[in-house]
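Okay, got some structures for you below.
Each of the next two complexes has chain A plus one other chain: chain B in the first, chain C in the second.
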Partner chain A sequence: VPNSYESLEGGGYSGTSLRCSLRHLNARSPFPSLSELSSALGGLGGVSELEAETLRPVNLLQERNILPPKRAPPPEPNLSNDLRKVNCSPDTFRCTLTNIPQTQALLNKARLPLGLLLHPFRDLTQLPVITSNTIVRCRSCRTYINPFVSFLDQRRWKCNLCYRVNDVPDEFMYNPVTRSYGEPHKRPEVQNSTVEFIASSDYMLRPPQPAVYLFLLDVSHNAVESGYLNVFCQSLLDNLEKLPGDTRTHIGFVTFDSTVHFYNLQEGLSQPQMLVVSDIDDVFIPTHDSLLVNLKESKELVKDLLNALPGMFTHTRETQSALGPALQAAYKLMSPTGGRVTVFQTQLPTLGAGLLQSREDPNLRSSTKNVLHLGPATDFYKKLALDCSGQQIGVDLFLLSSQYSDLASLACVSKYSAGSVFYYPSFHHIHNTAQKQKFQKDLQRYLTRKIGFEAVMRIRCTKGLSIHTFHGNFFVRSTDLLSLANVNPDSGFAVQMSIEESLADTSLACFQAALLYTSSKGKRRIRVHTLCLPVVSQLSEVFAGADIQAISCLLANMAIDRSISSSLSDARDALVNAVVDCLTAYRANGSNIQPSGLIAPAALRLFPLYVLALLKQKALRTGTSTRLDERVFSMCELKSQPLQQIMRMVHPDLYRIDNMTEQAALHLNDSVIPQPPLLQLTAEKLTREGAFLLDCGSVMYLWVGKCCNETFIRDVLGFQNYASLPSNMTEIPELQTTYSERTRAFISWLLESRTFLPAFHVVKDDASTKTSFFQHLVEDRTESAFSYYEFLLHIQQQMSK
Partner chain B sequence: MEAAVFILSLVDCCALIFLSVYFFIITLTIITLSDLECDYINARSCCSKLNKWVIPEMIAQALATVLMLVSMHWFVFLLNLPVASWDVYRYVKVPMGNMGVYDPTEIHNRGQLKSHMKEAMIKLGFHLLCFFIYLYR
Partner chain C sequence: MQSNNRSLHFKPERSRRVKTTGDMVLLTMIVRVADSLPLAASMQEDEQSGRDLQRHQSQAKQLCRKLNEQSPARCTLEAGAMAFHYVIEKGVCYLALCEAGFPKKLAFAYLEDLEGEFSEQYGTKVPSVSRPYSFIEFDTYIQKTKKSYIDSRARRNLGSVNSELHDVQRIMVANIEEVLQRGEALSALDSKASNLSSLSKKYRSDAKYLNTRSTYAKVAAGAVIFITLIVYVRFWWL
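And then the complex of A and B:
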């Protein structure tokens, strides 16, 4: 059975024999018989089968189980096998429509957004690095040579983006891998769609800078109370060796409350020396060097400082926070080299430039009308971010506050300088151990992950396509050049495209993302990803190739932009209209035998479910009490996380884990990993006799029913019975029972390729924390939002208008 | 009587001067925006240049309109009124976090560059129309 059928079926049917498929035919009714029968019969023509399956009409009102048992893999583009083999991995580069429409008119008819979702710097296990001196690029459009160019003869190649014919340079004719001459198409640049080039000095504006890290720490009374300083200092001490960099790495610390404090760490001093600048209206740098010191040389002093820092401020009475002046000082300090600034803030900045007012009205948290104050209050942080971006300084923000801190304004400092935002609401080292553990785990990843400095990214498309909107944390310097002061492996980007000219004379559309960066070891590199997709001229083919997860993420990005520039209710209406328009377009195009019911093609059957889940996200929901900072943070996450993380956040995975069996389990590295099926997110699927795991990406819940069998509670959780389970359990103990091993194997398998480990909560059925579990059950009705079925009826009603 | 005519013509001249200042500002806007499109300047310098002229443009247009009113050229006044009110609306509607009417972080998003260019072109065309009206009335 060719790969395509398994991927369409959502995988999971290990054992692809004829009998197996037919047995599953009867056991699982939601899956239609068409493709199974034809796959059992050996397949007919490759193309039409793929399409027939994704275009199969599904009546959403009647289909009770639309979730596939495993998360569906991304749709495969309809290309020939050898192109498909070399095509870019969908984890890196994904398009909302795997069949690109030929003209803008056709795209408009389909009523689906066209865009790309990228994760260009993600951690890769296998990356071909090209060390040759010449980097072959097209002369007119400067595209890097990629697997989808065509070689006219041995000496000339035709660019796949602008169609210009270029010459093959002599050095390129020799293939160092196979040591043969005269076969340019066998070189690694042309055999891999993800490559990394070593950049020559033409690609540098200045010699590559070393890694410079500056930590800006809030030491006001509030901050010391919350106890984050201990956690941070300990974490940094543990990871000092593992900070990415080489012998030239520099480090510095600045603390601030109502004044700004610098630390002289010159090697040779017996202990770190604190220098206080109290003139916050005009912050200056007290000494010129030794505030940012070489990590290797001054390591002992740095360790002394980190050990002393939490104790230095225990009796502080300062309640004000001069974040603005501290950031200005950091900017002045880092301007010569660039690097990364990490800011830890625990309250609203109340002093100096960039001071903010409390704008949230707690009474309006559950308002169903417009939510105000989603945009920044001042342009101070935006201007500062642009200044930092110009000097290649990236600013990351850790907000650990329990009160309103106007994240909408503060986040700007990271958004435009390509930094990341982390938020720990109600952080306290004693009263909220779950947040403390999450902070520790996140810091571990944050301090040790790969980093690129002074980066720019350019996304090129085939002639005829153009990019008009960008989403993510970066600064758009010119029409397609994105300036990223820091690039990290955990941020995703999205772009929206339009079709300016007809693509009628090509059958393939290609996209290339090139990221030029300085590695932490001071090497200048270019990471290039190239994606190739077929061009189609029929509306049904456009629907057949729709990638519903990518579409949902792009719509989320667009909705957030709309809610900030216009209003939240506009954004919500636009999301619902997106579904209505798309399904209306499908109905208008196809010949439907059933006029009643809500018909969607199989490729888009999860569309209303995902949009409903989006409408119930913290970022976009109304009617339920949502703190403004949490809402803004949810928006920041939706705009900057990679696709898999967003999908888990929007539509979490629910599994029943108290009765997992070895049936259809994976056998990896001599451990048995059970594969329980995905359940729909509704309380109907929960039973009191079971235990369920909800995987939301950044947090995981293990919900234990009141009558859950005691074997499970004893063997996996280590307690005698349900009543003795504590209410704040945050991890599963390592017991030696099979149940425990199986459960832990399953959970570690889920967490395998995750970078930030989720917080883990064991939730009892009657605990007060169960609301946070139940709010993720998106198919259920709440007092302010539809259930899934009601939403479908609403869409049907809108469609008939 | 002659004094009245004299004053009126003086007022007309002032109005024309303001309009020519306005014309100069529009041309500057168009040139700067097209420079940005062709990558001759970067977004920040483009936006700071353009933001500098937003208020003078608004004042020039408003003054010209008021002067038309004063000199009792009703038709021309009515013609200029929408442009003046659009200028004021544009200025007032800038969200708090933006760095002026032209914001460097937003200018490349959502086709804002194109819409600003279109707006400037429309004003230019409108201006030329007004110019010829003044000339031949």
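And then the complex of A and C:
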């Protein structure tokens, strides 16, 4: 089976042109011609008002209210309006420095990391799709034509990445939007920085594969006890029609305990047939063509199986788990086509290849010294993942366990096959309803979300810049090609860059990410995003353009790599040093700064806060009791989530919601959405009279104070008074009061653009669960970690060394 | 494991392993002849056949590019241990790669079966599509049909098909290499011809240049004589 797609994404220039049709277009402002480009550059000379504001020195020790009242938007790159309008959305593509320094020396002076954060396959509401025989690309660097190229004349365009002059093919001269000829700069490819091309057969090594889904289910005693099987089967039954795919979609099931069980679902059978393979040392596929079956044709059998499965193992006494052999079987089963394997595991694998031992010492959970076993114990899972990746198989892992299961080793199977990892610590269908609800919601999204198969992604950047490190779940093939067996709309990627050659002769730097994939309907498509940023020569401009959220996310990725390759304490030191170095660099540069105090430019004023928040993350904290699996899962999340999600996780949003007014409220389609201001993450801001909402991305807490006004408790939560509130509430009831409607409107507004719905907890002030709420108040002091103010003093002290 | 009358237990006996060997249809492609746009295809079956399928796949692609209206409507092309069979009907080519041992009769029956179903389902849409593999969903039907032709038990029942299939004997047989090379010879001829035409163009421009040069020489000579005459008249006679 072919797997070397590099020649495809890299090559495939077809010369002839025949037809062109376009869908879903919106006419935008005309493409900036050369003269407009140069006028845009003229504007770069002076320091704009915006820049002056971002450079305003802030004394962090004195100014306490540095948090913006709303979630801060990313900084706008200093470009002309025309370029800004067509630039890639910051939700998709962000750079840590929106002003790219001219040389590596300048970058070194600023002591800030240079890198990109990408969310390439995110769900889009509007996307121009282009069907054309010739996909216009630069002949030397293979960049796709984009809004930032320049047209020298009607027949020639200059690549914005390598500056080669290319011919405009005939087909491109015709504009199907305006039905006019001779206006290549009005084509949708040069009007939109995010476009999708329908690929020609040059971009295919084999016919597009069908959507193939294989579910690998743990049915040992432990798994049955947790009750996940029921939830899963029900969820899949509900979503069977909504699985992305077409009439070719294939589906299969494998269950395992100490043996591996296959299910023959061949159309025409009266009921599913179970085949048990007990030779786990050398697992084989009992029959070849009836285990992965066409979903449409065998739908009734699949439904029968899903209805029967939860009951089939209720009395099992099998406690062993042969995950490794089951995965090998899945690999053999899927390798002819490729597709997605979804693994549900509830314990440590104990049999066959890839068996693992417990490595966690519970006594060391809260040690302040080094944390061990963050890396895999065996390379079995990594090797298997690489084999899978080669056959276009992506493996997603759902870990639902109350015991240590060595996620550090297991997660490798998803990490290198471009899968995703989900973790539900102490999952139980009765005892832990919040987890069960979260699992249900996640499954709902997981099963129905878009999926791309046999994908590759390449990121190109302006000559002079070079990408050297990648973060996320994938396998890097041939230095800069990311191989993604599956691509899903919820994963993010990050890359680090360096400046190899001076960018002095250019005023704009561009970055282009191209993702070639097969849709679940068997269409080969290329999604292209292009980002354009100005190049600057002054250190102050570099500081002014710093995107603190992107910087924090990139630093988090780097810190996690460091903690695995070196040690956790090393990684923590590196994070602190990043702040110290950057603020020292700023101080050395600035002349008009008073020597006392801790001064940061306004653009970077949140830097120490975010780094402190990172140090208090489960992934990186020390001193506070943290289970190893939870720590590793937190690391996986930081490495593979998109920026917005990471930021909510690192620095959650706190709002007071019991006294929301309609002042400054948003009015959207007849509903009023109040906009309470963001509060600092400190217990100082909490009052017993209030109710506070803490939004951590994947979980939301509603903290209710002891003396919270009773109208709120009655009208929003539906209970008479504080005392009658149960301690394990997991949702807000739908009450017909304005108070309730307003609160729910606000919460659903927060959730609007989220794909995975968070778990919801109502936390009473006197409940035992309140520690999980208070651990997110990162500005406060804990037994083992600095408060925000102490942290600032610590930085100041480090700086004066 | 609880006793379950639905379950079959496999003991670790090597002999239990099912291996599909022998005659198989490895690759099926449906291509529009006019521009060799792939319309539908069936994926290769399993890893054991993955051997040098890559090479055959590219051969198949090349072959499709070579086909045109003049190509024979039914043909078998031998390619080592494999054989390509194809049928062209209504501007659409149905191509199958089989092992050489696979009965030819069966292969053509299979292709005609596909042809019937495909032209009924998508026949009218064929000329208008531009995206490759627009009818990839036909794969499901291909897989099913393929299975019924490979299954030896079913093959016995196919006796009836044989009578319908008239004179398989007369189907042209050629070697894939030859066919692909024939194209190469043609393209060589083509390149030679274009070479010749560019050479003659060069000759033409050279000739023109020479012509111009000689004209200039003549004009210059005339001018010299004329000037001499003027000078002679000017200084001698006055």
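Definition applied: the second predicted complex is superposed on the first by the 753 of 801 C-alpha atoms of A that agree within 3 Å, B and C clash if a C-alpha of one lies under 4 Å from a C-alpha of the other, contacts with A are read in each partner's own complex, and residues count from 1 in each chain.
Please note the rule applied: a contact is a pair of C-beta atoms (placed from the backbone, for glycine too) under 8 Å apart; a residue touches a chain by one contact, two chains touch by 3 or more.
The structure presented is a predicted model; accordingly, all values stated were derived computationally and were not measured.
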item: Touched partner set for A:D379, first chain B, second chain C, both or neither; value: first
item: First, second, both or neither for A:H468, with chain B first and chain C second; value: first
item: Partner chain in contact with A:D246 - chain B first, chain C second, else both or neither; value: second
item: More chain A residues in contact [chain B versus chain C]; value: C
item: Which of chain B and chain C A:S565 touches, first, second, both or neither; value: first
item: First, second, both or neither for A:S409, with chain B first and chain C second; value: first
item: Which superposed partner A:R477 touches (first chain B, second chain C, both, neither); value: first
item: Which superposed partner A:D581 touches (first chain B, second chain C, both, neither); value: neither
item: Residues of chain A that touch chain B when the two form their complex; value: 375-379, 382-383, 386, 390, 408-409, 412, 416, 468-470, 475-479, 561, 564-565
item: Of chain C, residues touching chain A in the complex; value: 1-2, 4, 6-12, 16-18, 20, 35, 37-38, 40-47, 50, 54, 57, 130-133, 136-137, 139-140, 147
item: Footprint of chain A on chain B - complex, ascending; value: 36-37, 39, 42-44, 95-99, 104-105, 107-111, 113
item: In the complex with chain C, residue positions of chain A that touch it; value: 1-2, 18-19, 21, 131, 133, 198-201, 204, 206-210, 246-248, 259, 261, 271-279, 282, 284, 286-289, 294, 297, 312-313, 315-316, 318, 335-337, 522-524
